[in-house]
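Everything on this sheet refers to the single structure shown next.
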Amino acid sequence: MDGILALAADNLISPIILSFALGLFAALARSDLSVPEAAAKALSIYLLFAIGFKGGASVADHGIDTTLALSLAAGFVLSATLPFLAFFLLKILTKLDTINAAAVAGHYGSISIVTFVAGTSVLQDAGITSEGYMVAVAAVMEAPAILSALWLVSRGKGGAAMDSQLMREILLNGSIVLLVGSFFIGVITGAEGLARIESFIVAPFQGVLCLFLLDMGLVAGNGLRKSRKVLNLGALAFGILMPLCGAVIGLGAGLAIGLSLGGVVLMMILAASASYIAVPAAMRVALPEADPAVYLTLSLGVTFPFNLTIGIPIYLALATAVMGAM
Amino acid sequence: MDGILALAADNLISPIILSFALGLFAALARSDLSVPEAAAKALSIYLLFAIGFKGGASVADHGIDTTLALSLAAGFVLSATLPFLAFFLLKILTKLDTINAAAVAGHYGSISIVTFVAGTSVLQDAGITSEGYMVAVAAVMEAPAILSALWLVSRGKGGAAMDSQLMREILLNGSIVLLVGSFFIGVITGAEGLARIESFIVAPFQGVLCLFLLDMGLVAGNGLRKSRKVLNLGALAFGILMPLCGAVIGLGAGLAIGLSLGGVVLMMILAASASYIAVPAAMRVALPEADPAVYLTLSLGVTFPFNLTIGIPIYLALATAVMGAM
Amino acid sequence: MDGILALAADNLISPIILSFALGLFAALARSDLSVPEAAAKALSIYLLFAIGFKGGASVADHGIDTTLALSLAAGFVLSATLPFLAFFLLKILTKLDTINAAAVAGHYGSISIVTFVAGTSVLQDAGITSEGYMVAVAAVMEAPAILSALWLVSRGKGGAAMDSQLMREILLNGSIVLLVGSFFIGVITGAEGLARIESFIVAPFQGVLCLFLLDMGLVAGNGLRKSRKVLNLGALAFGILMPLCGAVIGLGAGLAIGLSLGGVVLMMILAASASYIAVPAAMRVALPEADPAVYLTLSLGVTFPFNLTIGIPIYLALATAVMGAM
Amino acid sequence: MQMHNAKRVEITIEAPMERRLTEALEHADVKGYTILPIVGGSGRSGKWSREGQIGRAGGMVQVVCIIRPERLEALLEAAFTVVERHIGVVCVTDCEVLRAERF
Amino acid sequence: MQMHNAKRVEITIEAPMERRLTEALEHADVKGYTILPIVGGSGRSGKWSREGQIGRAGGMVQVVCIIRPERLEALLEAAFTVVERHIGVVCVTDCEVLRAERF
Amino acid sequence: MQMHNAKRVEITIEAPMERRLTEALEHADVKGYTILPIVGGSGRSGKWSREGQIGRAGGMVQVVCIIRPERLEALLEAAFTVVERHIGVVCVTDCEVLRAERF
C-alpha cells in the first residue's frame, strides 16, 4: 500500500504529468497558449513512429514468443466486447440515448496510444520490461470497437451506416498504418536499425512526450471548459468506473495468456483507455447525430487524465499484487 | 579591453549569430526562404519550455536564496519604469507623436526572451553560472511595461482602453504561462526530472536556437526591407542608446540586490532588450492607432540584432569590470 | 559482385528506405496518413541546415584542396549539359512534345538533395569519407539546368520567358540560400561550432531523415496513384536509364578532377538525381504549359526511388571497382 | 473584359466528410472545386477552433465550386445527399467569371 | 431545391481582435460564423505575410457570417463597434442558403 | 448603416505566381488585397492537396480584392496578363462595403 502511494506520488510529479497539468490549467484559465495543429500532428507522428519502431526492435531482439498470437487475439476480443460493457454501464449510470451511448461505448473499446506510451514510461522508470509486441496489440485494438458501436445502434434503429469506404478508412487510418508500419520496420532492421536512429527516437522521447502532453492538456481543458454541462455525476462515474472495469478484465486476459508483469500492465492500460482520435473521426462519419461533446469530454476530459495520473499506478500495483500472490 | 573584443568576436562567429545573419541576408536579398509559421511557433514553445524548466531545475538544485524576492521586485519595477525613460528619449531623439512614442516605450520596458536565451548561452560558453530564477524575473518583466505605456497615452488624451479582458489576455499570455509553468515543473521535479528530459531540452538546445534565430533573421529582415522609411537617424540612435541605458540601470539593480556576475548580466540583458511578441499583440488591441512598423522595426530590426551581436558582450564586459573592481 | 548485392540488400533494409516504402505503401493504399505541410517544410529546413553545416565544418577541418574549384566547375557544366542528353533520350524513348521534354530534361540536370543525403548516409555506414565541399557542388548544380531547359524550348518556339525576376527567384531559391549559407556558417565556425550543435545536427540526423523519407514516400505514392497514365514503358525506361547515364558521366568527371572515392560517388549521385523542388517551381512560372504530372512522376515517382534503393549501391560498387582497378 | 454569369457555391463541412463530398461532386460531373482550410467557427453544435483539436475529427473545411447556373441544381442535389445528416452550411452567390469554357 | 435569401458578411480583422469580434457577434445574437486563416495581404497599412510574423500580433483572419437579411443591420452594428478603430474590411454579399431554419 | 457598392474579385492561382500577381495588382493601383491559403482542389489539370506537395511548386492560393466598381476593368486586365497562360480561376461578385473611402 505504501508502495502504491509512493508510486502514484512519483508518477504525479513527473515532468510528463505536470506538463499535462500545465496545459489543462492554461486552457481552463483561458490563456491563449496553443500548440499549432501542424506541430501537434508532427509530435504524434514522432510518437507513433518511435513507439512502433521500438516495439518492433524489441521483438527482433527478444524473439517472438508463443503468446504473441494469443495477445493479438485477446486484444481483438477485448476491443470488440468492451463496448457492450460500456453501453450497459452507460445505460445504468447516465440518461444518454442509444446513439450517444453507443458512440461513447465505441471509444472505450478502442485505445489511447498516449496512455499506452505513458504506461511504458512508468514501467521503464520502474525497471519493468514488457513484450515489444504489445504495440501491435494496441494497433489491433483501435478498430474493432467501432464496429461494435455501430452494431449497437443498428440493432436499435437502422441508422448506422457502415459502408466499405468507411471500413477502409478505419483500417487504413493514418495512426494504425504508421504504428504497424514502424513496428515492422523495427522488426526488420532490429537492433542495428535501432542503433542508427536511437538518438532520435529513444533519448529525446520523454521530452517530446512532455510537449505532446502539454498540448493534450490544452485540448482536454478547452473541451472541459466548453462542455461542463455534459459532466453530470453519472457521466463522471462512468468515466472512472469504466477504465477500472476495463483494467480488471485486461488483467484477467493478460494473466490467462501468460504475459509478463509489464505485458499484463500494458494490457490493462489498453483495456482501460479510451480513444480520442480514430473513433471520433469514424463517429462523425457514421453517427453524425451523436454529440461529439459527450464522447470527447468523457474520453479526453475524464478517463484520459484519470488513467494518466492515478489509473496507471493502480493498475501496476494491482498486477504486482496479483502476480506476486500467484 | 582585449578581452571584450575577443569575446565580441567570439560571439559574432557563433553558429547562433551567423544563423541570424543568414536569415537577415536572405530576407534582404528577397529570397523565398521562410520558416513555416507553425514551425516557428513550435520552436518558440520548445525554447520557452526548455529555458523555464532548466531555470526551475536549477532553483531546485541550488535552493532559493534571499535575493529571489528582491530580483522579482526589481524586475517588476524596471519593467514599469523603463518605459518612462524610453518615452523621454524618444521625445528628444525622434518626432514620434505621443501614441507611437508610448507604444515604442512599452516595448522597451518589456523583454525579449530570445535575447535572454542568447545571453545564457554566452554565459554558459564562458563558464559563468547564474541564478536559475532569472527566468522568473523575465516572466515578471513581460507585462508591467504595457500598463505604463497605456498610462502614458491616457495621460495625454483619453484614448487608451485597458479593459479587464485585455488585462487577463496580457497576464495569461501564452508565453508567460508556458515560461512560468515550465519553471514550476522544473522546481517541482528538480534534478531527477531534468535527468529524464535532458537529452531533449539540454543537448539539442543550441542547435534549435540556430534555427529559431534563422527565422528571427528572416522576420527582422523582412521588416527592415518594408519599413526602411521608419529608420531615420533619431530612431536608430534610440534603438541603440536605449538598450545601453537599460543595461546600465539593470547593472545598478543587479548590484544593489547582490546577484552573482551571471545574474547581473542577465538582469542587464532583460533591461536592455525589447519585446516583439507580447507587447505588439497588446498594442494592436489597446492602441490600434500606433503604427506597428515603427515599434517592430525598432525592437526587432535594430535593438534585437544590436543586443545579440555587440550588446551582450559589452554588458558582460561591463559587469565583469565593475564587479571585479568592487 | 557479392559485395554489391550485400550492400544493396543492406541498403534496402535500412530504416531510411523502409520508411520511404512505408509512405509509398500508405499512399498507394489510400490511407489518410499525412505529414503536415509545415512539418515537412521544417524537416527539410533541418536537413538542409545540417547537411550544409556539416559540409562546411568538414571543409574547415580538412582544409580546401585544389580540386574544390574544379569540382564546382564540373558541377556547373554537368548541370548545364545533362539536360541536353536527357532531352535527346526523351525524344528517342517517349512521345513527349518539346515543351514537356525540355521541362523533364531540366529536372534531370538539377539535383535531389535528399538523394545526396541518403548517399552520404550510405558512405558513412561504409566508413568512406568524402570531400565536405560536395555540398557546395550540390548547390551549384541546382540552377544551371533550368536555363538549359528554357533554351531548349526557346530554340523551338519563342515561348519560354526567362525574365530577370525569375532568374533572381531561381538563384535565391530558399533551399540554395539555406544550403550555401549553412555551408559558410560551418566553414566559419568550424569544429568548435560543430561541437556546439552536434547533438542537434549529427546525432538525430538519421532519425529525422526517416520521417522525411516517410513523407517523401507519401508524396511519391500520391503522385503515382494520380498519374499512372503518364507511366508508359518509354517514360519508365527513361527514368531508370537517365540516372545510370548521369552516374557514369559523373564518374568520369569525378575521376578527371581527382576526387576521393566518397567524392566520386557523391558526384555520381548528384549527376544521377533529379530535382523535385526548385525546378518544378521554376517550370510553373516559366513553362506553365508543361504538365507537372509528367515531370513530377518521373523525377519523384521513378528516379528518386530507383536511386534511393538500387542506384546508390550500384554507383558505389561501380566507383569502387573502377578506382580499385586504377 | 467579357464576363460570364456563374454561381459560386460555398459548402462548409466537417473534415472527415471532405472526401465523400468531393467524390459526390465528381459524380455529379462538377468540373472543379477549391478547398479552403477553416481555423474555427461556431454554430448550433457549439464553438470550436482548430488548435483545440486532436486529429481531424472536429475540424471543418470549405469547398468552393464555381459552376454554370444551369448546372447548379445537380450540384446542390449531390452535395445535399452528403451534407444532409451532417453539420454544414451551403451558400450560393451569383458571380461572373472570365474564360467560361472552363466551367 | 428550395433556397432562401441571406447575406454573407465577410470581416477581415487582425488576429488579436478575433475573440472580441466573435464575442460581439455572439452578443448580437449571431447564430453562427466561420473563421478562415489569411496568409498575407496588403492595405493602407502596408504589406504583410504570415511567415514574416513572430507571434500572432500581425496576422489577420477572416470571419464569415451567413445571416438572414433582416438581422444584417444588428450584425453590422456589433461588428462596427469592434472594427471601428482597427484596420479591417467588412464586405457584404447577397446569397442563398439551403435549410433556412439554421440561420 | 451606410453601405457602398463594390466588387469582390477572387483569383485562384498557383503559389509560384503569387508574387507576380500581387505586383501586377499594385501596378494597376489596386489599394488592397487579402491572400487565403488553399489546401486542395481539382480542375482540368487534376486533383491536388497541400499535404501531398514538396515545396511550393504545386500549391495554390486565393487572392481576394475588394474594389470600386469603376476600377474593376483595370484590375481584371492586370490580373489577366498574369493568369492568362497559367491555370487559375477569376470570379467576380457584387458586394457592399462599409467605409468606402478605403477602396
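Quick notes
Letters A, B, C, D, E and F mark the chains as written, and numbering starts fresh at 1 in each.
What we mean here is this: a residue touches a chain if its C-beta (ideal position, glycine included) is under 8 Å from a C-beta of that chain, and two chains touch if they have at least 3 such contacts.
By chain, with names taken from UniProt: A, B, C = Sodium-dependent bicarbonate transport family permease; D, E, F = Nitrogen regulatory protein P-II.
As the structure is a prediction and not an experimental result, all values here were calculated from the model.
Note on connectivity: the fewest steps through touching chains from subunit D to subunit F is 1. Farthest chain from subunit D, judged by C-alpha centroids: B. When every chain is reduced to the mean of its CA atoms, the largest separation from subunit F belongs to A. Centre to centre, using the average C-alpha position, subunit A and subunit F are separated by 45 Å. Averaged Cα coordinates give subunit B a centre that lies 39 Å from the centre of subunit F. Spacing of subunit B relative to subunit E, judged by their CA centroids, is 34 angstrom.
Annotation for subunit E: residues 36-37, 49, 56, 93-94 touch two or more other chains. In subunit C, the residues that reach two or more other chains under the touch definition are 32, 34-39, 42, 199, 203-204.
Touching chain pairs in this entry, ordered by label, are A-B, A-C, A-D, B-C, B-E, C-F, D-E, D-F, E-F. Put simply, subunit E touches subunit B in their complex at residues 14, 16-17, 20, 45-47, 49-58, 85-87. Listing the residues of subunit B that touch subunit E in their complex gives 27, 34-37, 40, 44, 165, 215-216, 218-219, 222-223, 226-227, 276-278, 280-285, 288-289, 291-293, 296, 300.
Across the complex, subunit A meets subunit B through its residues 13-15, 18-19, 22, 25-26, 29-39, 42, 199, 203-208, 210-211, 214.
Taken in their complex, subunit D has these residues touching subunit F: 1, 3, 6, 8, 22, 26, 31-37, 61, 66, 93-99, 102. For subunit F in complex with subunit D, the residues that touch the partner chain are 10, 12, 36-44, 49, 60, 62, 73, 76-77, 80, 83, 89-94.
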